[in-house]
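One chain, subunit A, links the two complexes that follow: it is found with subunit B in the first and with subunit C in the second.
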Partner chain A sequence: MISVGKLARTGFWILLIGYFLLPMLAMARFAFQTIPTFLLTTENVFQGWGFGSLTVAFQDAGVIKSTILSLQLCATTIALTFFVLVPLTTYVEVSAPKLKPWLTGATVATWLVPPVALVVGVAATFRQVIPSFLTSPFTLTFFYSLWMLPFTYRAIDGQLRLIGAKNLFEAAQSVGCGPITFFFKVILPNLKSSLYISASLIFAAVLGEFTFASLLLKQTMPVYLWSFQSSQARAGFALALLVMVATALILGFAVARMRKRGLNFSATGI
Partner chain B sequence: MTDVQFKNITKHYGAEVALSNFSLSINSGELVSILGPSGCGKTTALRILAGFIQPTGGALLVGGQEILDLPAAKRGYGMVFQSYSLFPNMTTSENIEFPLKLRKIDAAARAKRVNELLDLINMAEHAQKFPHQLSGGQQQRIALARAVALEPPILLLDEPLSALDATVRDQLRDEIRSLQKRLGITTVFVTHDQQEAMAISDRVAVMRSGQVEQLGSPRELYQNPKNSFVAGFVGISNQIKSTKIGDAWKVLGSSVSGPAGFNTGVAFIRPEDIKITPSPTGIAVIEEISFLGSFVRVFMSVDGNRVIADLQISEAEKLNTGQQVELTIRDANPLIESI
Partner chain C sequence: MKKIRKFAPALIVAAPFVILMSIFLIWPTLTTIGKAFIHEDEFSFFNMARAMSGTYRDSFITTAQLSLITSLIGGGIGLLMAILLRSLPVESKSRTLADSWSAVASQLGGLPLAFAFIALLGTQGILTKVLGAFGIDLVELGFSLTGLAGWALVYLYFQIPLMFLIMTPAVSALRASWFESATSMGANAWQFWRSVGIPILLPTIVTGFVLLFVNSFSAYATAYALSTGAGQLIPLQIRFILQGNVITGEDELGFAIVTWALLLLALSLVAVTLLQRRVSRWTEQ
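This part shows the complex of A and B:
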């Protein structure tokens, strides 16, 4: 008799293969096999593979430019999010717990507004007040930071609760430690795991984000790929697949490395 | 001199009163426990002394100086918490060294002091371990060492033994007392465990509803409780219905002196103050006899009420369950309150 656990495991693998691996394989075959699409069959799965389409992609100046922009946006979004969110969340956890429901609500609120409405609203406001705000591609940093708040906030907040930040602050005060020293010597080192996870999530999300960039007419990598694929379909898919695999590998590597160093990820849900 | 004086301290949380005219004087070098049930305000009092909470009113003097305006980080009192509160990113030595680094003490002096403290708490072999690699008792020892690293004038202990198992609790309790005596630090120990408070303290302040009900040595509190609350909270007390006959009170089979002004009351009698004499006409019936190592506990029924007596093993040898016995009391002047 088959146990429920075994059945669930089999179901999971069927879903994973059917929903995720098969489409990825189809995508990889289209991108990397030098066989016309209508001739791709199960008999020639292992024939004609090559990285020609990636070479085509990297020879395009637009691909390089948009990739650099997306990577820069990853960095600025991570920096802005950490700069604002970490001190704010720590302050609320340690000194103003009454504000916590408001902060939690505010982080979710960004998802209640669809990107189209958010961009139109912000654009309408800032075009009149600060016209230069929307001209720079780095404007996207603010949208991405807001958009990622529900995930980044939860990872940081969960870790602060896990380490008992409020009690640690009292313990630090009792040995003569002020709030700034406490933040740098106790809070930041103990938030390492959630900061790594938040950064990885931002990296993965920003690298694949299309809607905000497209609405604001910024040529980030996903937006450029969209138009690039219409002229260079195979190269476009090859690049998209590479980004997907690279993101998964970076995320997996970060988690594995942190686990090896004994960092606790339970609060981040990973 | 680091004597502590709480003077009419009040603390309100909206309509809720946590402390109401709380007054308590603690002498320099003394260990005073604040004992009371949950919600009585004992932790609030300690946190006010630590500087984590500002009272609604009153004065708080340490060494004769008002300290309420001084922030917690400037007070320089060592504190040990129920939840250990060690910094998870630091090793045992780094946790102990942290306050010394904040004071900018030079590296050689820091290392010397850390080693002294590690030896003092018998944790030298765990110096390089992180808190998550240590047991609760070990973590609390480190927290204690960290708290006394700067030789603070006052040590605050907020239920430091509550999260530990019984054996470790007893051992650490003795270690805390020994350390406190050796260093001569004025210490305030908050607990809801009366045995713990009795074992460790020079004096105990029993609290109820934001006020001190009674302050005294463990012996005073046990032998002369001021009221039924203290008698019931500190140790076990039998509550025995008593009547006044003439000038004396009849409590079980004994006549004792007692208060005037009412004729029926409840006497609070400790189990070891009850004497049992086998008698076929006795008013009490033995229901159960429990051997508890150094003494025997006898449970009896008197007019439907349960009475407990603690006897020497030799005194209990001739007693059996179901036996009728006569009860008298050894305490000549018990606490009697009107019903």
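This part shows the complex of A and C:
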């Protein structure tokens, strides 16, 4: 005799897994099966499957160009974030722990100003004061770095605490090691895994970012994807699915690595 | 001189961060808020009043409804997931899978997610067709991906895992001994959660709901892809005005709408902090 509670529980999980899985499967079917939905019957479900739509996507010059731009933005954002965040977070952890609540508060401030609101402000300021600044797509780097701060800060700060940066600094000082040598020879090598995690989080986020790029009219991959799928629906959906799988894999590896180091992934950065 | 030498390293390491924050976050935000209160070169509430009237008011209501629905349903399901998975050890396969999947899904949003639901439940969607074969006509039932129910269904895809991620650390922190002492006194699981578990978790639950609300209120890409063009949601209204801001006066309206949205988000986060203090006082007693 199966209990009602167990039945309800099983039902809950089945519904939930179905909810998360079905949209992905539907998208895959649309992208990789050439039969349109209205012609689909129980007889031809297994016909017309293939990866032709991905070939179409990768032969499109716009797809290649916008993907390169998105990858470049990933690189510039990672570089800027490390430059801005790593020395500061280390300094606060080691020499100025009193400033920590302020730094944490500042990094989550991005929750108060969503991208779509920030872009309005950007249009109101930069467009009037230094219009040329917004013409380069690499302007996005600054906004992406800002927008990812809650996540990257948490990853780096957590690791610094985990390795006991403060004690390490005292030990380094006692053997006559200066702060700059300490930073490059002790901190950076020890932060390797959280830097890798931060870079993965940035990579996954920037690869899919649509709001800033679309509103500031920059042809990054997601923005191009939107116009591409209106003429090449199947290829567009195939590309979107590929991006989603790639993002999921990158994020999944980053999270698995965080769990292994005893760091918690916080989806909010708070 | 000594003071300067003492603070020089702090200034050098803090400068890039302060510059980034001031130029790219604080300056644009303050400018927007300032400009929202200026009409015909004078201080006035004209724009703010206009942003809360007519279609814009309706948009605020629709967006708030959507955010409330998805944070309540998403929050409830996410909480239930965290509670049901509590008894599993952290290293177990299902826990690892649930944790990693939630981390990924909470960040999926944007175009691909919208595409996936269009392929499933759009007018040419596969599930629409399958349900049709069983005589269930979604359109006749009033369901559409460009309506409140449709948006909510899509938004839940990132809201549920987000709540799960917020709740999991708090739920695992509940001590097993509390559960054991409750059961040894004859309480069943339901009674335990009602009188012990949920009250202890309340601060985290409230925080989770508000963060979900904010998350849904700010979502742009998914809304954009689902409603193609000007929609009835605030993020889409903002875009509409931003692109048409050549018309004089319309940009002022955009500033006012953004200012209202910022005010709402700030208020909800302040409310969280206050509520948390209140609740933590209750639970301490």
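Criterion: the second predicted complex is superposed on the first by the 225 of 270 C-alpha atoms of A that agree within 3 Å, B and C clash if a C-alpha of one lies under 4 Å from a C-alpha of the other, contacts with A are read in each partner's own complex, and residues count from 1 in each chain.
Just so it is clear, contacts are C-beta pairs under 8 Å (C-beta built on N, C-alpha and C of every residue); 3 or more make two chains touch, one makes a residue touch a chain.
Worth saying up front: this structure is predicted, and the values here are computed from it rather than measured.
Steric overlap between subunit B and subunit C is absent once the structures are superposed on subunit A; the two fit side by side. When both complexes are overlaid on chain A, the residue A:84 reaches subunit C alone and has no touch with subunit B. Once the two complexes are overlaid on the shared chain, A:134 sits clear of subunit B and of subunit C alike.
After overlaying the two complexes on the shared chain, residue contacts for A:120 are found with subunit C alone; subunit B is out of touch. Touch counts on subunit A: comparing subunit C and subunit B, the chain ahead is C.
Of the two partner chains placed by the overlay, only subunit C lies in contact with A:9; subunit B stays clear of it. Closest C-alpha contact of subunit B with subunit C, superposed model: 11 Å. By the touch criterion given at the top, residues 50-52, 71-74, 76-79, 81, 83, 85-89, 98-99, 102-103, 130, 143, 146-147, 149-150, 156 of subunit B touch subunit A in their complex.
Considering their complex, residues 9, 12-13, 16, 19-20, 22-24, 26-27, 29-31, 36-38, 40, 80, 83-85, 87-88, 90-91, 95-96, 106, 109-126, 142-143, 145-146, 179, 204-205, 208-211, 214-215, 222, 225-226, 229, 236-237, 240-241, 243-244, 247-248, 251-252, 255-256, 259, 264-268, 270 of subunit A touch subunit C.
Chain contact summary for the complex, subunit C toward subunit A: residues 9-10, 13-14, 16-17, 20-21, 23-25, 27-29, 31-32, 35, 77, 80-81, 84, 96, 99-113, 115-117, 119-120, 124-127, 129, 156-157, 160-162, 165-166, 169, 207, 211, 214, 217-218, 220-221, 224-225, 235, 238-239, 242, 245, 251, 254-255, 258, 261-262, 265-266, 269.
Looking at the complex, you find that subunit A touches subunit B at residues 163-164, 167-168, 170-178, 181, 185-186, 189-190, 262.
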